[in-house]
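Down below are the structures I want you to see.
Both complexes below contain chain A, partnered by chain B and then by chain C.
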Partner chain A sequence: MVAVRFHGRGGQGAKTASRILGTAAFVSGYVAQDSPIYGAERRGAPVAAFTRFGRDPIRERGAIAHPDVLVVADASLLDDAAAHVLDGVTGQTVLFVNSSLSADRLRTHLTLPEHVTTRDVTGVALQQLGAREAISALLGAVAARVVGLEWEPVRSAIDRELRDLGLAEPVLERNLTAARLCYDSVEPARLPQGAVQAVGAASLHHPAYEPPTKGTARIAAAGNSVLRETGGWRTFRPVLVADRCNGCWLCFAYCPDGVISMNREDRPVVDYAHCKGCQICVHECPTHALIAEREQEGGVAWTAK
Partner chain B sequence: MDSQMMTGNLAAAWGARLADVDYIPAFPITPQTEIVETLATWCERGELAARFVSMDSEHSMMTAAGAAEVTGARVFTATSSQGLLHAFEVLYSISGWRAPLVLVNVSRALAAPITLESDHNDVLAARDAGFLQIHAETCQEVLDSILMAYRIAEDERVMLPVIVNLDGFTLSFTREPVTVPDPDSVRRFLPPFRPFHLGFTASSPHALGVAVIGGTTYAYFRHQVHLASRNALEVHRETAESFHALFGRRYDLVEGYRLDDAEDVLVMTNAGASTGKAAVDAARARGKRVGLLRLRVIRPWPADAIRQALRGRRAVAVLDQNLAPGQGGILYQEVAACLYHETARPRALCSFVGGLGGQQLSDGAFQAVFEQTAEAGISGTGRGPVLLYSAEEHREMTQLQMVAAGSVRREM
Partner chain C sequence: MWQRETFKKIKQIPREEHVLPGTALCAGCGGLEALRLAAKVLGDHVVYVNAAGCFTMLAAYPYSSFKGSWLYTTMGSAPAGAQGIRDALDVLIAKGRVPKDEDVKVIVLGGDGSTYDMALSSTSGAMNRKLDFYYICYDNEAYGNTGMQLSPATPFAARTATSPCSLQHPGATQEKKDIFEIWRAHRPPYIATVAPRYPLDLAEKFARAAAYTGPKMFLALSACPTGWGYDPGATPEVAKLAVETGLWPLKEAVNGVVTHTYIPKRKPVEAYLQLQGRFRHLFEPTVHTEAIRHIQGQVDAYWRQAIQEQA
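What follows is the complex of A and B.
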């Protein structure tokens, strides 16, 4: 059995990519299974998805703890410990990262397995699709190539999955073209021969009663959400063009995360450590004083936790 | 001490009054309405210093009850049957918030077909909600159990909500003498509610019932609810002793009736147990060595007390006034489970289902139960679920079916 784990941000298409891989494997005649996991958060929050396929019935379900292949849709996730991207990765794990940086550049601050491939999938998407988020077909194609699936089942899987999402024919065609480019840009990998590690019986902790101050699902520390920096969720950031701003405070009112404050001159100040990049302020600004700028790898969005 | 004639519902209202509750969200439903009507009157007259609010449904009522409780107020409310089910999802939240309010449920069978009289499918549906459950046999026990419920619920070792259950009609509308405890003694028995983990104030906001993802955190808090509920076994014992010392009445987790030399034992709950005790007396008069075990506390499940009462018996019959379709009696399953590891377990365990929707448990029905249980004990083979339903009842039913089908016509 081959186990592929996808990590992405809400809205990037990691879940659909895992479905494309699942369907491609299924169409190729394998037994296949795919599933996502995510919380109640919005666009930009870390999500994961899992695809398994093989010749025998699949007895596992849920999260893949020890992936053979890891597909990372957003390199900033590698720096976010809370996203647990590298959990269960061994020296044998095949890693693909959507990044314009080389594997060696990534290795300067990360401990990565031996087989690492990077491609600027977002760049291909911007060029071919003119959209920044919809990279599911591209990631699915990359993953399918890495695990050695033929193009035809991959094409058919992208067609099925994107059609299910209601994409118009021209958009679908552009996705197929971009996906083919990505598919051809990577090589099939030598997958680790999944030697199952023997584990002993878990050492069980016998739960003891704790007083309700501890034993109740409550948070007494007010204002601790600032500890969770969500600036890394952005792919685009709102930037103020100061001379266009009329000081109307609409951005302040619309920001769903309360990360815009107003200074003494009635101008917005964005807390980039927590701005999730939803662009609502950019859409609402009546004078177009807030514009969206793409985050650069290694920029502020990369260092925010 | 003076006693006076009062219904189970009035006794429940007295329980809330003596517990000096702060807040009563209410919604009427037969056969519970008398409880909240009485409390409304007392609040209106200033005899009870509580805030009484009529809500738009039981769902809102339970939500308000839980929300008020987590501000540190002592909360009482009451419902029945469909009302309890309408409030259902909130029950789990309230126990998860560790909000120790007291809810009185007046048992009434569940629709469909709709009815007003009692069985226990309503309250037993809530058995896994994290509420403790005390099932009362008499009007006095209703009042006393509410006072005990607040003391157990608010104990730091428990901090869980409690349902006090009484049967509709056979207790709710039935008057019998009840002694109203002296308020000063109640104040000594039940200290003011001072929860450390609750109490929202403007200066110290906190989040309760927060979202958790991933399972581990969820499991920890659910385990805590379980452990808290188990702690209530010991806290109930201490509370019962204190209650006995102050008021002279003793309530244990289970109550044995003529068990000493009983070879066969009938297990029952709630007001029906009174009828069961009368049946035991009648059988004893015929020379049968039978007794009755009444389960009073259903959550936490008093497994040790049940094992102790039932070990070494020839046969045990559980008479469930409830029916889990496709399974049988609900309490039978739990009694069977806790006897499995008992080496001296009864030779036979029988399941009887009767008294559904206020169905009469006749002397004849009890006699049939005792006879079948004795046979099972002799043969060593349990039986059931046996649906208690007499040939006479069926003749009546057949008549009704003919009327419903239009085959009986009025003479013109």
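What follows is the complex of A and C.
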């Protein structure tokens, strides 16, 4: 059995990538399962998904604690302790990271396993699909190549899964082209064969009753959400070209997160620690004084003080 | 002609923020934008009573985005929770333990699943008892937090997780429930619809509502990039087209008397529908002329009657 764990941010397509891999494996004649961690995940928030496939029936279920292959849809997640990306990774784990940085560059500040591949999947997506489309097909294709699946089942899996999501034909075609580029850009990895994962015995706990005064989560601090920085959600940052700005306040009025303030000269000041990069301000600025610049990597998706 | 009295120009929007950043809501959330603008008028002396939904993430342990208070309730009971809070506040005011001039407001914050569906009886009860509170429904037209399932607020033909689109299923087959009229039948002193792209209209309505004692009901269009399938940067554009096509009328009802606060020139509905993934199946691979004509027909009928009544 091969166990693959995907990490991404809500909206990037890690969940669908995991489905694509599962379907591709199934079409290739394996038994397969895939499941995302399902919670109240939002665009930008860390999410994970799991795919297992093999020749024999698979009895394990749920989260994959020790992945054979780890696919990381966003390099910034590696720095984010709350995302638990590197949990359960051993020296044998094959790691793929969507990043324009080399594995050695990533190693300068991270402890990573021996087999690390990086590719700028976002760059391919930007070129082939346009701004900020989900990269599920691309990641699914990379993962499928790494575990050694043929292209044809991968193509048919992408077609099936994206069609299911209601993607239009031309978008589907562009995804297939981009996915093929990514598929061809990586090599199959040598995976440990038939390694059996230890499954711990289940133990049942009886939760004790606590009265609501004790058992209910209470927040006593006011407005402390600012301690949590969401700046790492961005793929693009809004940047002001000051001499184009006419000081109209529209960017301030429309920013949903309230992270634009107007200074004394009526120029917008963006709180980059919290700006999520939605680009509403960029779209709505009547004089095009706000432009979108692609973020350089290394930011932290979600930090808490 | 309806005229704004308090909020005449953009630079009158208060600078201070009352919904602080660092929230877990999606980038570009139209509902958050509506709430942020409303909160600029409502201030910090507030108790929000929230029904489970996306906005629950605004005050999820251990973080809160509010300087005021927040009570989390079940999907069906936020207005009942609001009654409890209001009563408790009134007792505390009577005992002199909360200063009356602090004017603490009680505000229900519910999604459309809660508002149109699960909490409808509880809301009806609160309106019937003339509870002095605000109700803000942020309408993203589906059960969003659990993955965009069909709700009674989902518009005709929209694709949701539980109204898939194929030849057999052209998306939602029911019509959007008219919650405004259901509310109006209870004769609360103030009801208004708002949309985030119209900040002055929105702020003005919250300012006007403050004059009334009793239920003050708000229905906020909450353009939702995640659930509706469009780029987060397009939220204002989507909200604008919802209004400009006439699909989302901006109006208020004071003691039951309806006034449209903006009369759109009414662009064809396609302009709005085409922007969103949830309606894409109406245009590709073949155009569902019938369904689009049906939607246009509904809008036209609405405005024919609205203009007649207003005249």
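In the analysis below, the second predicted complex is superposed on the first by the 266 of 305 C-alpha atoms of A that agree within 3 Å, B and C clash if a C-alpha of one lies under 4 Å from a C-alpha of the other, contacts with A are read in each partner's own complex, and residues count from 1 in each chain.
Everything below uses one rule, namely that contacts are C-beta pairs under 8 Å (C-beta built on N, C-alpha and C of every residue); 3 or more make two chains touch, one makes a residue touch a chain.
No experiment lies behind these values; they were computed from the predicted model shown.
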item: Superposition-derived comparison: chain B or chain C, residues of chain A touched; value: C
item: Chain B versus chain C as contact partner of A:A222, first or second or both or neither; value: both
item: Which superposed partner A:E210 touches (first chain B, second chain C, both, neither); value: first
item: Partner chain in contact with A:A253 - chain B first, chain C second, else both or neither; value: second
item: Touching both chain C and chain B, counted on chain A across the two superposed complexes; value: 40, 217-219, 222
item: List of chain A residues in touch with chain B within their complex; value: 39-40, 207-213, 215-220, 222
item: For the chain B and chain A complex, residues of the former touching the latter; value: 96-98, 156-157, 159, 195-198, 204-213, 217, 220-221, 223-224, 227-228, 231
item: Touch list for chain C against partner chain A, complex; value: 10-11, 13, 15, 17, 19-30, 32-33, 36-37, 54, 56-59, 61-68, 70, 145, 147, 159, 165, 196-197, 199, 225-226, 229, 231-237, 277, 280-281, 284-285
item: Residue ranges of chain A in contact with chain C within the complex; value: 10-11, 38, 40, 42-45, 131-132, 166, 168-169, 217-219, 221-230, 233, 248-250, 252-259, 261-262, 271, 274, 276-280, 282-284
